[in-house]
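We call the chains A, B, C and D, going by the order they appear; numbering starts again at 1 in every chain.
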Amino acid sequence: MSKIDKVVLAYSGGLDTSVIVRWLQDTYGCEVVTFTADIGQGEEVEPARAKAEALGVKEIYIDDLREEYVRDFVFPMFRANTIYEGEYLLGTSIARPLIAKRLIEIANETGADAISHGATGKGNDQVRFELGAYALKPGIQVIAPWREWDLTSREKLMKYCEQHKIPVDFSSGKKKSPYSMDANLLHISYEGGILEDPWAEAEEDMWRWSVSPEAAPDTPTYITLEFENGDPVAIDGERLSPATMLERLNKLGGDNGIGRLDIVENRYVGMKSRGCYETPGGTILLKAHRAIESITLDREVAHLKDELMPRYAKLIYNGYWWSPERRMLQAAIDESQQVVNGEVRLKLYKGSVSAVGRRSADSLFDERIATFEEDAGAYDQKDAEGFIKLNALRLRIAAGKGRDLI
Amino acid sequence: MSKIDKVVLAYSGGLDTSVIVRWLQDTYGCEVVTFTADIGQGEEVEPARAKAEALGVKEIYIDDLREEYVRDFVFPMFRANTIYEGEYLLGTSIARPLIAKRLIEIANETGADAISHGATGKGNDQVRFELGAYALKPGIQVIAPWREWDLTSREKLMKYCEQHKIPVDFSSGKKKSPYSMDANLLHISYEGGILEDPWAEAEEDMWRWSVSPEAAPDTPTYITLEFENGDPVAIDGERLSPATMLERLNKLGGDNGIGRLDIVENRYVGMKSRGCYETPGGTILLKAHRAIESITLDREVAHLKDELMPRYAKLIYNGYWWSPERRMLQAAIDESQQVVNGEVRLKLYKGSVSAVGRRSADSLFDERIATFEEDAGAYDQKDAEGFIKLNALRLRIAAGKGRDLI
Amino acid sequence: MSKIDKVVLAYSGGLDTSVIVRWLQDTYGCEVVTFTADIGQGEEVEPARAKAEALGVKEIYIDDLREEYVRDFVFPMFRANTIYEGEYLLGTSIARPLIAKRLIEIANETGADAISHGATGKGNDQVRFELGAYALKPGIQVIAPWREWDLTSREKLMKYCEQHKIPVDFSSGKKKSPYSMDANLLHISYEGGILEDPWAEAEEDMWRWSVSPEAAPDTPTYITLEFENGDPVAIDGERLSPATMLERLNKLGGDNGIGRLDIVENRYVGMKSRGCYETPGGTILLKAHRAIESITLDREVAHLKDELMPRYAKLIYNGYWWSPERRMLQAAIDESQQVVNGEVRLKLYKGSVSAVGRRSADSLFDERIATFEEDAGAYDQKDAEGFIKLNALRLRIAAGKGRDLI
Amino acid sequence: MSKIDKVVLAYSGGLDTSVIVRWLQDTYGCEVVTFTADIGQGEEVEPARAKAEALGVKEIYIDDLREEYVRDFVFPMFRANTIYEGEYLLGTSIARPLIAKRLIEIANETGADAISHGATGKGNDQVRFELGAYALKPGIQVIAPWREWDLTSREKLMKYCEQHKIPVDFSSGKKKSPYSMDANLLHISYEGGILEDPWAEAEEDMWRWSVSPEAAPDTPTYITLEFENGDPVAIDGERLSPATMLERLNKLGGDNGIGRLDIVENRYVGMKSRGCYETPGGTILLKAHRAIESITLDREVAHLKDELMPRYAKLIYNGYWWSPERRMLQAAIDESQQVVNGEVRLKLYKGSVSAVGRRSADSLFDERIATFEEDAGAYDQKDAEGFIKLNALRLRIAAGKGRDLI
């Protein structure tokens, strides 16, 4: 164990990370700096101050990172239409690099020699926090209490609280959920409990951010979403900041039962894991972004993006936001988005979001050419013959040599 | 113009292809063989016989290809979770190679030296028919009347009918749709009309295969879909043939408002085109297939499939089903599907399909390892430290050399 | 045939393009503007002026494009380590987009409504010229005489010269080669003649730019090549302009028998074609660029580049330099090259080029960590256990479930 | 430390693995089974028997795996034209999965509960051995002495020998090389020593398998290599078994100075490492395989292979031979090789190998179409116009809308 004088802890104000404060103080004999961020998880962050003070913490950071989060992390990711394993919108993954960055900034400001977090040794989040931290400050030390201590059950944890006089009301006042949850402006996630049986359906009262499709309004909601350079900037003509945009889309989606997801995913550390997610605004945004791209992006650019996307998603899921390969891909993605401007009209209804119209000054849709009517020479149908003939040439030669495809 | 003695025509029995029969006879002075296939388009094919006879056709082929279509084309494609441009399930594209193959088989049987079809010079279908034909019979000649004749408007076409005494009731008896439509067991498509304005919303009465989500039942429908080697084989325990399976899924999806899609897509011939699609069964199948894969496929296999999928989709969209590169990709895909066995429980409700449960004797989901509870040593959390440290090493070295990622 | 008033012709000054001047004047009754470029083909371009004047051309452009060619086309391509089909360094392909661009600039300056070129209807160059022209000026018309006229044999061509009094000494004064050749600063190519039999070995006297390895010096030549941002800037400490750099490398390579290549390649228009190439400087540059990247690039960036490269090569080979997808890839590639600085020491000897040393202020090579000796804690070997254990986890779970890999 | 009763050790018979035998016996109090394989490393394996016996080993396995190695590992890899990071032919990587497989087979036969190897904690080989072992027998335990013990310097090791009476002449009788070397039928590798400075040129006397190009014969050697299903089967008409084939190619290559390589590569464990390699036969084989593919493979198949290759190479380099994703890629690769039959004529000369001729009954090269002479209608040059026009359409539309590419 290296000598550690000061550690910056990602502190939620909840019971677990409060225990970690005390455990770090006791185990490492070091000073603890707490860092609590509002990234839209839907809970007050200010109460964390008093709790940290009660634990003897002298340097307390409480930041509102919502705008930075959406502007610099969520939106860049959505420019790529990012989905992990065909389904997951990466709501947890994309929040981690921001936390990692802020931990390191605070470590630099406070002269801390280590960072710490409350993620377990089985999950992806430890990887995301730590890869980010190492990439931004290679000499930093990392303390991951869940990998080190022996408080491996709830009872041991509660006993530790008792012994160390950590007020149990540090625990959330809300009805204890049977699920392990995590939330930020992009989504809320559920794991554990009955979800550990992938055959068991999630209970209706688990979902917190969206009404069920059954309970959603019987009439559709229409909105128009405006994009500039691939990012959404206005709803129905009202310009909104990134965080306000995502909040608004979450409200619209949640009210219409949009964005629930129930999957089994592959963790970077090697096991499969069942997770349920609500991503109301993100689900709308993805649909809309694809729609505005559909009229503004060149075909081959769109296809190249589609082929690169799974790699990009995997990078973010695995915790490599802060990496040169992510920057390289981002450069390509961002290059493509300069023309992604215009409006998409969306229909939200009982769990579904559909693009029903799209228009843009940068549209490449050419009605003159696309029309089924006479096009006055905009397109010469005879060109198709040569196009087909030459595309077929290699196949014809092969068939002529006896190659059999059936 | 080469001398052509006999041509096999993909004949629907409708007005357009009836005109083509006569036009081929007149223009090429050749015998016409008609070929009409039931691929689940939802119209009787037998009436085509009398119409062809009335036009003087002596060799008439009418085939029920539904089982072959689903078994040998639709299912292999779904093994790859195939989607074109993030949205389109390729319902038109995947039917074409079967038609091309049958045209060539009939050309071989009848000694024809050419094939012909009713696809226009602006679309993808001409490419798909002709690439397939050339790949399977390199010396075949292709006549594409829409690229050759001057019947470029409805009026000219009707006038030709009059002059050549083609009964106008060859035209479909149904209310003339303002849309250009195409259907087979996988989907029905709509193009043209007001859809040529991508900002205009499709009218509700356009959709034919599905009720609107609004009109769908107020209670969800649950089904269990069973897979073997990546293909669906039973619904709620009832084993079904491929075509019957897809019909049943279409009914279930259509009744619950599932599978509508409104997109602008990029055609192979170079222009953008607006299309609306109903793919009720396919939409369910895709969701279910991903769900059964989520517990049975290895992570890296799943990711490799995701990265290859856009290429595979593009091949099919562009008409390269009958190509060695499609076979090469199919070999990889099929290799992965031997373990894709098990059951998925699905919830269908007002336009949405969700996987709510999945189980399999081939499941790689390991509750013992995934659990949030104590796992009795199934997983050593300390391993994560080394895992992260070595994955971070290249990033730390770079940061140590002053590389800046922010 | 559209009405054409003025056409810009890519004019070499040779017999074929001289015939085209006259043929364009006669066939289209239009004015011809000639454009002759020095891109390092090794022949004087100024003589083209008198020839064009003799043919009645009034607007004559003769440009030295060598620096632009290497700086804006060759070097950006080499940043990607571009090779087509594992072998070909794209020496012809990369010169075409520059010619296309210049043709369009001249069309804009002279008010021409068409461009023309001397490439045949079987090759890739017609595609490269025309795709570039259309991409840069969508309304431009293109005249490709070899696809239109009936001068399909050498005799017909000579007869046309006679009839139209085109001096036959317009033909190159040099011994007529049995090969079709093309040259620019990056390479010289040979096709046709006995090469049309892929089993026949090229004759020694075909090669023009390099001595045979047998005839190369018996002692190796060592050079040190310096890179900045992925481009070579100095040889043995002497800074050189891009074109001068490539000329120098060609001399060094040619003298040492480096850069000969004999392949069968796949043309974009669908057939296979045998080609022999000499790319002396490019062969050295590729080796050196990989070597400097080997110590300066992050591993994952390098691998991403390797995976994207074949696509990028195909784009250039097929003529899509002037495309948004090439720009998108270029953005990613260029992003990676900011750190590609430093020196490579190379050994040139009888046909081989080897990197024997590489160093850089941006090196990520860490002797402390890489050493076989004790590393004083720079690397903790115990980390490897966790790294392997977690990377193996998915494989172990699968094996535990009975999956068999042998 | 788990209780281990019996361990199978990959035993070379050299000093290091002899120390490991004793260390395992002492540290784990377990029985050691030694396994020594002839994979063409060029040293007798039989002497390992007496050494193992002297160390008290009772179960001794000595296998000649040369044919299996080349047939089931080297050749399948070469079907993909596999190169890691643009340069490295994976000579070390591809031998490891065979050793891993055999270790597990012997563990199964002898009832051992662990395997052990002499690879260090910094390298790739530990990963390759252990991933393979875990994938084939998930409950196996792995002992990696170099990660556990404190014999971290040569002196400590020699002292241990003295204390435990391990005869020092177990050390190789040959002049001690300053390099860390590894050899098998595919290659010999050198690391360490002065190579740890990537600017230092390797000394001429380091290389053991090839003469220097300078010392190679002054006249070229020509050979004809015949392929069946992508694998080489005969040289100059003489059919050879896989191992004999590779031995023969090694001799031919080595005699002509072919196959030396000096690179800096990226290890899976995160650091860069300098390595020198001699792969004489493999270098010839790669060139020849590409040449036979050039006339027999379809273009798109070839391009798909090229795009997949870097992934496949990375899998093998990183130790994932025994993985479902490697099998998936192999299925695609092998599917493509059925037509890769024919002959390649090669010129070997002073460090270079060139393909100078290729022919095949499965050739897709069509002289009739490729010819520069009149082709009697085999190819209609006018088809090129439509081909180009439609390929340009998207670019023209974009340019028409004002998109600027320069």
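Assume a contact is a pair of C-beta atoms (placed from the backbone, for glycine too) under 8 Å apart; a residue touches a chain by one contact, two chains touch by 3 or more.
No experiment lies behind these values; they were computed from the predicted model shown.
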Message = For chain A versus chain D, which are copies of one sequence, does the interface use mostly the same residue numbers on each side, meaning over half shared, or is it different?
response = same
Key: Pair joined by more contacting C-beta pairs (A-B or A-C)   = A-B
Inquiry  = Centroid from C-alpha atoms only, then distance chain A to chain B, rounded to Å. What do you get?
reply    = 31
Key: Interchain centroid distance [CA atoms averaged], chain A/chain C, Å   = 42
Residue list for chain D, restricted to those that touch at least two other chains = 266, 269-271, 298-300, 311, 323-324, 327, 363-364, 366, 369, 379, 382-385, 387, 390-395, 397-398, 400, 403
Query = What part of chain B is in contact with chain C in the complex they form?
reply = 298-300, 339, 362-364, 366, 369, 379-380, 382-387, 389-391, 393-395, 397-398, 401, 403
Key: chain A partner contacts - residues on chain C that touch it in the complex   = 266, 269-271, 298, 300-301, 304, 311, 320, 323-325, 327-329, 331-332, 334-336, 390-394, 397
Ask   = Which residues of chain A touch chain B in their complex?
value = 81, 85-87, 101, 120-122, 126-127, 130-131, 134-139, 142, 144, 146-147, 152-153, 180, 191-192, 196-202, 213-214, 218-220, 260-266, 269-274, 290-291, 294-295, 299, 302-303, 306-307, 310-311, 314, 322-324, 327, 345, 347, 349-352, 354-359, 363-367, 369-374, 379, 381-385, 387-388, 391-392, 395-400, 403, 405-406
